[in-house]
Structures are given as structure tokens and as C-alpha cells.
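First comes the structure, then the notes that go with it.
Chain naming follows the written order as A, B, C and D, and within any one chain the residues start at number 1.
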Amino acid sequence: MPKEMMLSGCAASAQAAKMAQVEVICSYPIRPYTAIMMELAKMVANGELDAEFVHGEGEHAQLSVVLGAAAAGARALTGSSGVGVTYAFETYSPIAGGRIPLQMMIADRALDPPGDFGSEHTDAMSCRDQGWLMGWAENPQEAFDNCLINYRVGEDHRVLLPQFVCQDGYFVSHMPGKVVLPEQSQVDEFLPPYNLPHPLDPKRPVSHGPQIRPDQGTIMDLQRAQAMLDAPAVIREVIDDYNRIFGRNYSPFVEEYMTDDAEMAFFIMGAHTMTARHAVRHLRSQGVKIGLVKLRFVRPWPTQDVAEALSKFKAVGVVETSTSYGGAARGGNLLHEVRSSLYELPQRPLTTSFMAGLGGEMVPLKDFYYMADILSKAIKAGKTNKTVYWVGFEAED
Amino acid sequence: MSLPNGNRFGIRFESIGGLGAHAAGQVLASAAVLKMGLNGAHFSSYGSEKKGSLVRSYVRLLPAEQPIRTSAPVETPDAIVVFHAALLKNPATFAGLPRDGTFIYNAPPRSIPEELAALPGTARIIRVDALGIAVKEKSRPNAVLLGTLCGAFPFLDAEKVLEALSEGFAGKRPEAVASNESAFRRGAAEFEILKGVGRAEGDLPAARAEPAWGYETQPIGGIVPNAGNTVWNDVSAARTGSLPVFNRQNCIHCALCDLVCPDLCLVWEDGEKGGRFERELTGVDYRYCKGCMRCVETCPASAMTKKAETPGLAERLRVPLFPDLVE
Amino acid sequence: MAVAIKTQNLAPVKLIRNVPKEEYYVPGHRTCAGCGPALQYKLVAKAAGPNTIFLGPTGCMYVANASYLCTPYTVPWMHTQITNGGAVASGIEAAYKVLLRKGKREGEFPNIIVMAGDGGSVDIGLQAMSAMMYRGHDALFICYDNEAYTNTGIQTSPTTPYGSNTTFTPPGPAIPEGKTTFPKDPPQLVIGGHPAVKYVATASVAYPVDLINKVRKALNVVGPTFLHIHSPCPKGWKFDASKTIEVARLAIETGMWNMYEWESGEYRYQFRPKKYKPVREYLKLQGRFTHLSDAHIAKLQAFVDAKVKGPGIPVQAPVPTPPAVH
Amino acid sequence: MFIIPKDKEVPLGCVTPAPVGEQPMMITGNWREYRPVLEPEKCDLCMNCVVFCPDACFQLNEAEDMVVLNEKYCKGCNICITECATNALTEAYELDFDDGVVRLEKPF
């Protein structure tokens, strides 16, 4: 019988890894993801999980250890936060290019300087171009589900890509929420055993990653690009399977909330979606025609789904919790990708980005009301004054 | 199971690291959600894991059908539970209590601290000797205070909260289950409602720390231009009930206390002209003293003795270390 | 339940004649003619046999060997970053432990060997190497030492000898001796702080049978082991390709290279000359030292004299380290 | 879909099959300027040339009880000549041989 528990995002992620029966785990402490490894260490010690728990000597080492383990044929897991994620950056392309589908759980944290425990999507977002699947959870239940979903998609031989399974630090990682733990038989039905096409096995010798000529370089990159092109179809298939087996109703890429007849919408991902939902409900009760579109995957970016979802609005506010200093819109990165998704549309909504929740700040309801006000003014004026609003710090509009 | 005022109920635990406020919040939230059919959320906000630093733990309970709307701290709680009397000196402890709110604090049945006058006259003020009961029942203050909370709010099903509390320990320390239960039950029974203590009118305003630095004033790159500006901090809340008292007659000015003090609390001045000592110890600046008692342990002349900290004692005995910087 | 512990016992070899014929590092690799590191790779692979997984942190033994989608390794091999040879090996070892335990793999625990250069072992790769040693993974870390970053065109590394001419330490009027600092001592770094390590040894291409036997002894140990193998580099040290073995021998005869084994606290020496030849004999064969003055050679001789007293005895650089220039 | 020229194909994840015996895709025999030549009668099968060759080009041919040079790969470093115990090997200029080849193909 599935079991209902109150688990933080970290605890839920550890439970998911246990039910995925990961075989090699590599740990290193950094707030706020550490609790995932603390839970897994207890499971290994209590004999609930038959896995090798390796104490890495740093985040770069964590990714290297799980690369070795996954290449040798074991399902592998690691994780980190903030500057730990960026420290391991060298390994991300070799792992993705080597088509080693291991998983890294990221509980976001602002990057230094100066030291800040607070959550910001910048740590993971700054590593989004190496060919890893990547997406955010809104709550502990979704963090649990994303772990299993990403292992299944990543290990599918049509994809064979590693995965960043992200959750906001604190707002998800440390906030206990209701989580339904499925039966192990359900997980075994959903997730087949790990099987890499060419593992490191003396009985079947192969060489991984020899030097190549420059003219073979494009084709190597093309292979990874092809995997990202094929991934969306596999994700749709896997999400249908997941909803069927576990009784969820996830939409694969974008989830709409109160968008029918909406003139404007928030485009948002991660923990602050929860507060945004309530803001939308409150604004709707006051007659404001506003909805919300939540993004579940940043890579592969669901261009069509985003275009279809946002095409019906007059104005879209992209809520950014990551920075891209000097970027085209001078704000975060989501706006660039939203605008390029909308570019081909005959009729494009107005778009701007709202920098909110940076540094790990709460995004209170009044900030969402402020954003909605900016959007409605933009609709009346037929244009947005700026491409980015730093919510809470703008002089006046 | 219905909530007193229909749609939501917020609790704020005010504590110091190590007294179990975080665990209490977790127990209460899981009992409410998994056993009482309510919807609920809990989280604590604390700095890095240091014993003695301030901990605030928030629990928000809602009817089952109403989803959690925000992960914000509970700024206007229906109930405030204070784990340690030292926190009464900090006005933020009372912030946001509505006129009909409940204020539970842990203290032995002695004089009522005058700080409580800042509470609304119409609020229900409850005192329980959580530490005393906890020590006798070999349990911890959080078990007692959870009991008091259930005693004060019948809508909280005491048996379900106790069940959640015991489940936490069943695996690890089964022997603790029994002592926790007796501490919990005594907490639910042996509390007293104090009359005519609060003097304030209406709801207390919520206190939200305004950022000291703004966009214009924050130094570039997060640099701290004035090194050592932690002298403005007051860490005395970290003391858990006792402080070192300096007795100048016995002092031989050997400075052993100064050698071992991790927090730079000892104040010196030049010895009298022609006197036996170059430098003489004049006292302790309790602003920086966390009550670690190293000075008491090392003093060869028993000029430093451990005393129970009663309200106002530290202020009376304090000798300022940086009189020109800190008032 | 399959026990995931190594039980193999690779037998030692007596003479060059009895060296096994099978090759696991085969002809057809892009290393320079007379390459010391390639020779030691061939001997290590021969000693280890078919049940082996090699790891190649970036370096000559990766780039020059594994090139253009063809590799000379007949056993599984994987490239690693030059930073993380030790970490990737730890992951593979951990994987085999659990896979054998769960019955997903059977048979003997494989030999897991990191084939790292001096940079990949004690410079950029030091952290991962040390962690592998500390955690006690059952794997062999080999530092094939050609005393420079050679794949990138000969730049100084921590094991480059004092007074070497490399493209990062060119001699000139301002810095006449070229390299001013004295080298790290890799085996002492391992012996000095890793309680899980039971066997460390130095070896040289000059004595292949000794090298093969030390590799086999290391692979028979259950736990982390470390070999420091001297492998002269004709291009980097600037000597004629046919003299690789001669140079290696001379290094031992002059004390520039010391041959010993360390096993749970005990030192044993091999090929220790009764009387050491002067360092000059070794230097004059190599273009990397031609710029040295007698004074520089004297400093190098003093350093070697202190070193040959015995491994484990602390050796100071005979000159104060140059003050940092502000 | 993409068109990938046959000769430029790259296996999945750049995983390549291990060679057997030798690596024919990397012929290095065309590097040498001198070739070691054996005088069989002087050779006492001491195996120095076999063991000391960095490219494993000298191998013992059990049948004829003789060491044989793998000319496809020998780079002409002459270590074998230096290390031969009985001076049974001497160097000979590569172009003196009718099948002598020096650096005709571009070695990548």
C-alpha cells in the first residue's frame, strides 16, 4: 500500500533514490542539498539500500566518481548546491558527451560572492548547455517524482543523457510537504534495470573517449544534439507511463493554471510557483484576467509547448530566479528562451522578465500583485517599458 | 477537526539552537497533516548550525481542502511559544501577536518579567516550567511545550500529537518514548494562565527586519569596509541560564581568564600608579559572553564564579569593552 | 553472495627470458620513437594481464596513444580528465564491489589501474589520487614520470628536476638555471599520510623484470597501491631516442632516481650502487641540462647526496626558496 | 535528419572497439629512417630487443626460434640495437631497402 509521509524535498529525493535502487552514491557536504546524502547514508547503514556510499573529496570528485561508476555499469547518483555545482563544471561535457546517464540532484543556492545560503536557480542554470536533462520541482512530491522520471528518460537508449534534477533550496529542499511513497513493485514496473550499451568490462573490452580529429568533432556534437532532439518524444511517453502507474497528472513540459480567457500570465518554474498560484487565485477573485504557466523542463526546452501555451496571452511576465549579467534583456535567461520560442508566431504577446526571489528571498504575494499591475499597464499601453524589472527595487514605472 | 478561526492557524516557536524547536514544529505539522486530516506546513529559519544561535520554527495549519499558499514566515501567529526566558528581552519575540493571541513561555514560577507588559492586555499569557518538568522527567523542553500547546488549544488532538512525537523516537531511543509522554502530559496539565500582565492595546505590529544596506549603500562586491564591526553584535542571548561574576577583591590580575576566553569579554585598564600591577582586570562585558565558563574553570584565585542569570543582572554588572563605540 | 574481494595471485618473473609474450598494449600508437612512458605502459599491461581496466588521465599516454578513434589498449580503457584519475578509478571500484555483490557481474575482481603522468598524479591530479588512497579503494595508481608536461610541448611539472630547461623555465640572464625549484617526491607524499596504503614502490624502464614484479605485487595487494615509474622522454629531455634505457640506468647509478619498495612501514632497496657516479655523468647526455654552470650542478649534486641517504629521510632544497616578488 | 559522411562516422559516445594484436589504423612504420637488421647467428635469444621495444615490434617466432621485426610499426628508435646483449643488431638506412618507405603518407 503506498505510504503517506511528511518529507522535506531532500528527504523525498533520498527516498526516490532508494526506490530507484541506486548502486553507487558519491557525497560531499554543501548546504542545502546535504540532507539528501545524510538520509541516504542512514539507509545504506541500516541495510535498506545495497549501495556503495563513497565520500568524495569535493564536487569535481563527486561527478568523477559517479562517472566511473556509471561507465562501469552501476546506476549512480550524486548531488550538490551553489558553488559546488559550478566547481564540478569540467566534468559535465565529458559525462554528457560520453552518453553516461547518471543523475545529479541539485538543491539550488546562490553563487558566491559573498556567501549566501539562499536559493537561486543560477547555479544549475549556468550549466544548462552541456547536454544534461534539466528541470525544477515545485514541491517535495515533484522532487520525488522527477528523480524516477529523469532516470527512466536518461537511461532510455534513444536518449542516454545525464540529468540535473533541481529543486529550490529551502523552499522545497527544507520545507516538509505531503509525499506519497509508492510500492517498490510500481517503481520496478516503471524503471527497468540500468543497462549501458558499452560498460567497462574486461569480458567486452572497449575504449571510451579517445582523441578525435577536428573534422570528427562536429559529428560528436551532432550526436548529443540528436539525443536532445529525440528526448521530448521519450519524455512524453515516460510521463504518460508515470501518470498511469503512480496516479499523477503531470503534463510533460508546461502546466497551465487558470489560463482560459486569461489576458496575461506568469511564466514561472520551481518553488515560487506555489505562491504565484495563490496570487493568481486572489487576482482572479478581483476580476483580473490572469493565469499561470509552469515550466517543468529547461532542457530539452519545449519550444512548441511554450509557444502554444503563451500565444493566447496579450502579455507574459517571465519570473526569473537566476541572473545573466549583461544578457540581451539584462535580466535572467528564461526571457531569452521564451522570446525565441515565440519569435515565429504571427501574433506575439508582450514579454518582460521579473527578477524575483534572488539571493533566496521570499517572493511575497504583494510582489506578484506588482508584477500583474506592470503587465496590465503594458497591455493598455501596447508595449512594455523595460525588458526587465528588478521586483522590489524599481524606482517607479 | 475544525480550526478555531475557520481558515488558518499559525504558530511561531521562538528558541535557541539545541532546545528542539525545529523538531517540535516537525512533530506538530506531521501530526496535523497525517493524523488530523488538516493541511499544514512547517519550516525553521536558523543560521548555520551553531548551538546557541537563534532559531524560529513556523507551523501553519489549514483546512484539508485549502492548499498551502505561501512559504513565508508566520508574521501574525495565533500562538507564540517561547522556549527560553532569555528571548523575552528581544522585542521581536512578541512581534505580530494579535489581541486575542496566546503567548506561552517557559520559566519557573517566580517573578513575572516586566518585558511581558508589552503584550496585549487581552492576550492569553501562559507560563510553564518546561525546563524544570523536562529535567525531572528526563525529557526535553519541546515535549513539555507541545503538551502545553495542546492543553491550551483543544482543537489540537493531544493523543495524535503524542503519537507523532513517540514515532520520532520509537526507532532510535525507545526508552525516551515513556519519559517524553510523561513530560508531554505534565506540560498539558501543569501550566498557569497569568492575569493582568499585558498592558498593550490591540494587535502587536509584525516586525520585518528592514535591510540595513540598500542598493546605493552596499559596498561593491560584498566587501565589508569596516573590519571587526561585529563589536556591535550582542550575543548574550546564547547564554542558557548562568554567567561568570567577577569579584575584584580576589583577582590577582594573572589574565588566565583572558587567555582562555573565546569571545574577548574581559576589560582591562592601567594599574594604579606605583601599584603592584601594570594592568588590572576591571570586569566582564556581558554583551559578548556566551556563558561558556572557561574563565570560571581557569581562575586560580576564584575571582570568577558561576551564578544563575536573573533578569537584569548582566546589565548591572556589565563593564563596557568599547565604551566609545557601543553605548 | 559473491564476495567482492580480489583473490588473484600474479606470479613474479625471474629473467627477461621468462617475461610473458602476450601483449595487451599493442603496436600502432602515435608515441615518439624511443618513448619511455610507452615502454612502461607495455610492461605494466603485460604484467597485469587481460582482467584489467586502464584509466588514462589527459597526458601523453592518453593523447599520443588513443588517437583518431583508434587505441592500442586491448583491455577496457577510459579517458579521464587530468584532474580526476583517482576519483574515476574509485567510482569503477565501487561499482564492481556492488555489481559483484549483487551478482550482476561474476568472476575475479578486475585490476583497476590509473596510468597518470607526473602532472596527473601530484600536480592537478593530486587531490583525486590522495582521496583514492585515503578511502582505501582496491586500485593501483601509477605515476609514469617523464618529469614534465610533455604532451603540451615540455613544460615544467612538480617532478621536473632543478635546473631543467623547459618552455616554462627557459634559462636566461635573469634566471640562468632555468628551473629554480626542487621537485616533489611522489612516493613519500603517498607513504606520508594514507593509513589505508600497504604497498608503494618506485620502478624504472631500465629494469623491466623488476618493474613487472612490482606491478604484480601491487595488483595482488587488496587495497590502494602506488607505483612511481621513471620513464625517460627523448623529446623532453633532449637525448637520442636509442638511449632511453641508458639514461634510465644512469639516473639510478648517479642517485637522481632511487629504486625501493615500501611495504607497511618497511623499506627495501633495489639496484643501489655501491658508489654513486657524479650527477654530471647523467646530465651530460641530456640537452635539458646543457646550460647549467658548475655552481648549479653542485647544488643539484648536494640535493642528490642528501636524497640518497635513504627514502623517508626529509630532504631540504640546498638553496633557500626564492622570496616571492611583490 | 542529418547526412554524415561515411568516413567521418563516430560511434555512440565515442566508444571504440579494442584492437586485437595490433592497431592497423595507426601504421607507424613509415616514421623510421633506420631499420634494425638482425644477424641470426649472433643472436642468443636473450629477449632484450623483445622486452625493451616500446612498440612491441620484436616478437619471438617460436617455430623458427628467432626474433622477428614487425616492420609495419617499427619507428626506428634503435633502442634494440643499444640494448642487444650480443651486438647482433645493426642499423641500416631505410631507403637502401627496396620496400623502404619514409614518410610518404601524412601521419595525421
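The rule is simple: a residue touches a chain if its C-beta (ideal position, glycine included) is under 8 Å from a C-beta of that chain, and two chains touch if they have at least 3 such contacts.
Remember, it's a predicted structure, so these values are computed and weren't measured experimentally.
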item	value
Central chain of the complex, centres being mean CA coordinates	A
Identity of the chain that, by mean CA position, is farthest from chain C	B
Separation of mean Cα positions, chain D and chain A [Å, integer]	53
Centre distance in Å when chain A and chain B are each reduced to the mean of their C-alpha atoms	38
Geometric centre distance via CA averages, chain C-chain A, whole Å	43
Centre-of-Cα separation between chain D and chain B, whole angstrom	79
Residues of chain D whose C-beta touches two or more other chains	10, 14, 16, 18, 108
Multi-partner residues of chain C (each touching 2 or more other chains)	67-71, 73-77
Junction residues of chain A, two or more chains touched	205-210, 212-213, 216
Inter-chain touch pairs (all)	A-B, A-C, A-D, C-D
Chain C to chain A touching residues, read off their complex	50-53, 55, 62-63, 66-71, 73-81, 83-84, 87-92, 94-99, 101-102, 104-105, 107, 110, 127-128, 130-131, 134-135
Complex interface listing, chain D residues touching chain C	10-11, 14, 16, 18-28, 31-32, 45-48, 50-57, 59-60, 70, 72-73, 75-79, 81-83, 107-108
Contact set on chain A toward chain C in their complex	23-24, 26, 50-52, 54-58, 60-61, 64-74, 76, 90-91, 94, 200-213, 216
For the chain B and chain A complex, residues of the former touching the latter	26, 29-30, 33-34, 39, 41-44, 48, 67-73, 215, 221-222
Chain D-touching residues of chain A, taken from the complex the two chains share	97-100, 160, 197-198, 205-210, 212-213, 215-216, 219-220, 222-223, 226
